[in-house]
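Look for chain A in each of the two complexes below; its partner is chain B in the first and chain C in the second.
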Partner chain A sequence: MIDRFASGFDPFVIPFLIGMAFVLVYCIIGAIRLILQLDAEDKKRFFISLITPKTIWKNLKDLFLNCLIHVKLWKRNRMLGFMHSSIAFGWFMLILLGHIECFIYMPHRVKLFYYPIFFNYFVAENETTIGGSVIFFLMDFFLLLVLTGIVLAIIKRVRSRIFGMRRTTKPSLLDRVGLYSLWLIFPLRLIAESFTAHISGGSFLTIPMNMMFKAFLGDQMNMLPTWWAYSICLCIFMCVLPFTRYMHIPAEMLLIPFRNAGLTIKHARRGFAKAQVYSCPNCGVCIDACPMSVKKANIKDTTVYLNRNIRRGNEKRIEEISDKCLLCGKCTAVCQVGVDGPQMRIAQRSIRNYGLEQDYSGIDITPFKEAVAAEASPDRVLYFAGCMTALTPAISRAMESVFRKAGVDYAFMDKDGGLCCGRPILMAGRFGQARQIIRKNKEIIKASGASTLVLSCPICYKVFREHYKLEGIRVVHHTEYMLELVKAGRLSPDAGSDVLVYHDPCELGRGSGIYEQPRELLRHTGELVEAEQNRDMSICCGGSLGSLTLGFDKREDLTRNALRNLKAGNPETIVTACPLCKTTFAMYSDIPVEDIAETVNKHLK
Partner chain B sequence: MMDFGFSISPSSTMNLDKVDLTLYDRLCSIEPDARKCMACGSCSATCTAGPWTGMSVRKVLLDIQRGKDKEAAAMLKGCMLCGKCTMVCPRGINTRHLILSLCRIYGEDAK
Partner chain C sequence: MKDNIVIVGGGIAGMEAARQLLLLGYKPILVEKSDHLGGHVADWHCLFPDMTPAQDVVKGLVEQIKDANIFLETEVSFINRMKMGYNVMFSNGVNVICKAILLATGFDLFEASRKEEYGYGIYDQVMTNRDLERWFNTGDDKRITGKDIKKIGFVHCVGSRDVKAGNQQCSKVCCITAIKQAMEMKERFPDAEVYCFYMDLRLFGKKYEDFYIKAQMESGVHFIRGRVSEVSENMQGQVIIKTEDTLSGKPAKITLDLLVLMAGIVCNKQAVQTASMVQVQTDSDGFLKSKDNILNIIETGSKGVFLAGTATGAKTIPETAAEARAAALAIHNYLVAQS
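Let's turn to the complex of A and B:
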């Protein structure tokens, strides 16, 4: 290969250089700002994670699998996965191979930033280059891969249903500019490289194109304008990138190391939260997933719109969106970049000013402590039913009966009423108040001398597990606990012939990752069928305490939709493991709804 | 005067034409459902916090309708936001949002 121009420069590279310089400066400043916004503890964690071999490996793996291959998208829809990975991986390979090419043939030009990008314009083939060598083939192959991705992207704009998406967001004006320039980059690259293919060499795509052009566009003058157009398109895309949804490309590269460092959202609008907002690709997958979107009026209250409004600084909408959400977490389960919708919303709620702050210092917990007080024993179990179970006493009765039948030494912590677990007030973003409740409950639990705390409510379970830090006391949900009893032979439920469907409560499934135990337990008592969407895709019953503004009169459609989903396998009974789901379903269901404790208790002698 | 160890308690008469209803009106503009309340007391009966802190949604609303903001504030401070009152309300009032809204607008006078 030889240089076509002694200077190795042509003015058409200027637009590309401007665009590249702009986007690099913008992203580097942005990344530094986000890192500086982290608090001292998070900063330390982040920097340590950057030098720990384990997290370095995880970062690299996640960056490759998520940013380039888009594994999560493949799992969701093959067409969607292929479209994204062909564009992202194809483009990455074009850049990489461009640099390799430059290293092999023009090592003295590598220092020129633009040279590998416009390699084919600046070089001419000579006898030392093997015509149609492997690298040329690969360049054409990856260009073709990107082009197929672009064709699919255009089809997706017209018919998103083929890609498994029913509803999607409407792009803004700048999004459209970014989108169209992205679509144009690769066809222009193909045309530009084809025009120079007889000089620089090419492969199966560019050489035939070159011959075709020669047949009816003999004029060599077309060469330069197409390279200019290619460079200008790159410039436009990179200049609008920070202000469009395509910001998710660089932002995700920061979000992945942040997440792997184990950071949590500490501030509603800064640091980790901001990285999540910018990482949102506005794809709208969360719209179809959101249980609220069965009603058209709620579509604009999904996570994608929260991120969009945070970027635009629309405070009124941010408040509406963050207060309405049920915090079921399904948007996070389907999200390709892992934006934590519920945590983001709780963070928005937490920065609100209240004129009246709750204060529980006046509550005397001595009677509670006395009621459960006992000598510490490894066999002693403390059962906390929680507020919601107080509305469904059948569950606590069933639990007590199970305890008795298994011969467990147990104490019922809130038999005559108790304090709330703190999760509802935590979900309202009032962290200080939640801490007060947590401290009080913790004292009562410590006084009980129990070594195991059993919860029949997933809402309580989540907060006890994550926020109580009960050293030496095991926190278990009653589904886990009853399964343990069955496995230890202390309970032997007789197998029935009922056809059951299990509903995964949000806080137990997506919230705490418990999917298998309840199913295993139910297989002991009857025949288990699955709902259409189950496990981490389960649909919220609509009763969630997460929402602050959605009244119960507006939740009927949500519950009916969740019931429709559960009845896909024609079950005789719906079994759930959450008192709130039970209450909500029971309102509209035409088949019986039971808690898992009741089901198990029924099958015990 | 001779001290008999008791006195006449101060009058608890309330002139409903004269009480300051700013807070109630403000609440109704945010959460219009507040007007739906029929003071049945289901909310207070199920209240988790009630027995320990004196919280009662029914009383809070009644107090605010009578301009007794201070008494209402004292009760609101004990709410644990568990949401049981919302679930049992026969009138479908989102009491949890009502309480949060009240907590917010208490600060507005100070501004």
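Let's turn to the complex of A and C:
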């Protein structure tokens, strides 16, 4: 390969350089700002993770698998996966191979930033380049791959249903500019490289096109304008990128190391949260997933619109969207980049100024402590039913019966009233008050001498597990506990012939990762069928305490939709493991709804 | 007269309408799904405000409609619309061609077990207003018979004015029923403390206010303004209720020997089905939809189909009877206009 031009420069590279410089400066400054916004502890954690071999490896792996190959998308829909990975991975390989080419043939030009990008314009093929045909082939191959992806992307714009998406977001004006320039980049590159293929060399795609152009046009003058057009398109794309959904491309490269460093959202609009906002590709997968979006309602209150409004700084909408959410976490379960919708909203709720700050520190817990006080014992179990179970006494009665039948030495912590677990107030973003309640409950639990804390309500379970730090005390949900008792031979439910479906409560399934235990337990008591969407795709019952503003009348459609989903396998009974789900479903269900504790207890002698 | 009229439902509304239609010279066909006439009132003991025995009211009406065609334990299987009226098929195999249908389908009592927090069907000492009337009638209920009843509580608005129970409507008659039952219990258990837990007391009817005053002044019933939040049970089988006395602003916890739930009035589910056969929809309150809710509550959007009684919402017996008479007249006018 030899230089075609001694200067190694042509003015058409200027638009590309402007775009590149802009986007690089913007992203670097942005990244530094987000890192600086982290609090001291998170900053330390982040920097340590950057030098820890384990996290470095994980970062590289995640970057490759998520940003280039889009593994998660492949799992969701193969067409969608192929479209994204062909564009991302193909483009990445084009850039990489361009640099390799440059390194091999033109090492003295490597320092020129634009050279590998426009390589084919600046070089001419000579006899010594024959060995390069492999690289030429690969360049054409990956260009073809990207072009296939672009064709799919155009088809998706017209018919998104082929890609398994029912509803998606409407792109903004700048999004469209970015989108069309992105679509144009690669066809232009193909044409530009085809025009120069007889000089710089090419492969199966560019050589035939070169011959075709020569036959039809026979004019060398088209060469330079297409390279200009290619460069301008790159410039446009890079200049609008920070203001469009395509910001997710660079942002995710920061989000992945942040997440792997173990950061949590501390502030709704800074640091980690902001990285999530920018990483949102506006794909709208969360719209179909959101339980509130049934019957086309509340579409604009989904996580994608929260991100969009945070980027636009629309405070009124941010507040509305944050308050309305049920915090069921399904948007996070389906999100390709892992935006934590519920945590973002809780964080947003926490920065609000409330007019009234309640004080729970004065509550006298002496009677509660006295009621459960006992010597510490490894066999002693403390049962906390929670407020929701107090409203569904059939569950706590069933649990007490199970304890008796298994011969468990237990104390009922809130039989005669008790304190809230703190989770609802935590969900409202009032962390200070939650801490007061948690401290009180901890004192009661410590006084009980129990070594195991059994909970009936998944809402309580999640907060006890994550925020209580009860050293030496095991926290279990009654589904886990009853299964343990069955496995230990202390309970032997007789098998029945009922056809049951199990509903995964949000806080127990997606919230705490308990999917298998309840199913295993139910298989002891009857025949288990599955809902259409289950486990981490389970649909919120609609009763969630997470929403601060969604009215009761607005929830009926949600509940009916969730019930329809549960009845896919024609069950005779719906079994759940959450008192709130039970109450909510019971209101509209035409088949019986019961808690797993009731089901198990029915099958015990 | 040869015009057939079908009355669906043999409660107060159905019977009173049948009585009036007989007086007007028609021979209506009355179908009742249960094995006796009288509807919910037949299960009741005494009626406010004069403590009239419910049986007297029902028997009086039954006596006066002997000449009507009455099918007991019969339901409407289907109704076909025809050019000049309706073809009604009953579950006993009888097929009738009629010119007018009166839906006097009444109400369902709210299933108290759906308010699980009140423990009906879970705790031993919890009953409903209907259970209590049954005990007044039969004297047999294991919750009361042979028990030492010292404290009794009445919970108002169970399944009424409760969006979470799926019924936002006021059931109208439970306030006065609770007061009536509280006083009756006080008579039977003079030493017992009787509490009524209410949100509002809606005492709109004739002499209701007198009842209320009497309950406080003479019977000594305690009225506590506050909704019962939850109910639990102690080792002795007593129920413990938690509420807030919203007048003093203090939470209260009371141990009771008997808890009576004032189950409310909700639309009869079966009636909705029957009504849909003649294209009568439900209104936004869940009850059957009248043509107009001010001056034309009797007529429906479907020609020749009329409504009476609690099918369109909670009502007292006098109101139901008045409406039934109005319906009979409306049917008569309709048939006259037809011929």
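Going forward, the second predicted complex is superposed on the first by the 602 of 605 C-alpha atoms of A that agree within 3 Å, B and C clash if a C-alpha of one lies under 4 Å from a C-alpha of the other, contacts with A are read in each partner's own complex, and residues count from 1 in each chain.
FYI, contacts are C-beta pairs under 8 Å (C-beta built on N, C-alpha and C of every residue); 3 or more make two chains touch, one makes a residue touch a chain.
In this text, all values refer to a predicted model and were calculated from it rather than measured experimentally.
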item: Superposed partners chain B and chain C on chain A - clash or fit; value: clash
item: Which superposed partner A:Arg564 touches (first chain B, second chain C, both, neither); value: neither
item: Touch count on chain A, higher of chain B and chain C; value: B
item: Contacts of A:Arg352 with chain B and chain C, given as first, second, both or neither; value: first
item: Touched partner set for A:Thr583, first chain B, second chain C, both or neither; value: both
item: Which superposed partner A:Arg161 touches (first chain B, second chain C, both, neither); value: neither
item: Partner chain in contact with A:His108 - chain B first, chain C second, else both or neither; value: neither
item: Partner chain in contact with A:Leu391 - chain B first, chain C second, else both or neither; value: both
item: First (chain B), second (chain C), both or neither touched by A:Gly417; value: both
item: Chain B versus chain C as contact partner of A:Leu548, first or second or both or neither; value: first
item: Part of chain C, among the options 133-141, 223-231 or 331-339, whose backbone runs into chain B after overlay; value: 223-231
item: Chain A positions touched by chain B in one structure and by chain C in the second; value: 390-391, 417, 552-553, 583
item: In the complex with chain A, residue positions of chain C that touch it; value: 114, 116-117, 119, 122-123, 163-166, 229-233, 242, 253
item: Chain A to chain B touching residues, read off their complex; value: 323, 352-360, 362-364, 387-388, 390-391, 417-420, 422, 424-425, 428, 430, 437, 543, 545, 548-553, 583
item: Chain C contact footprint on chain A (complex, rising order); value: 390-394, 397, 415-417, 552-553, 583, 586-588
item: Complex contact set, residues of chain B against chain A; value: 33, 46, 48-49, 51-53, 73, 76-84, 86-89, 92-94, 96-97, 100, 102-110
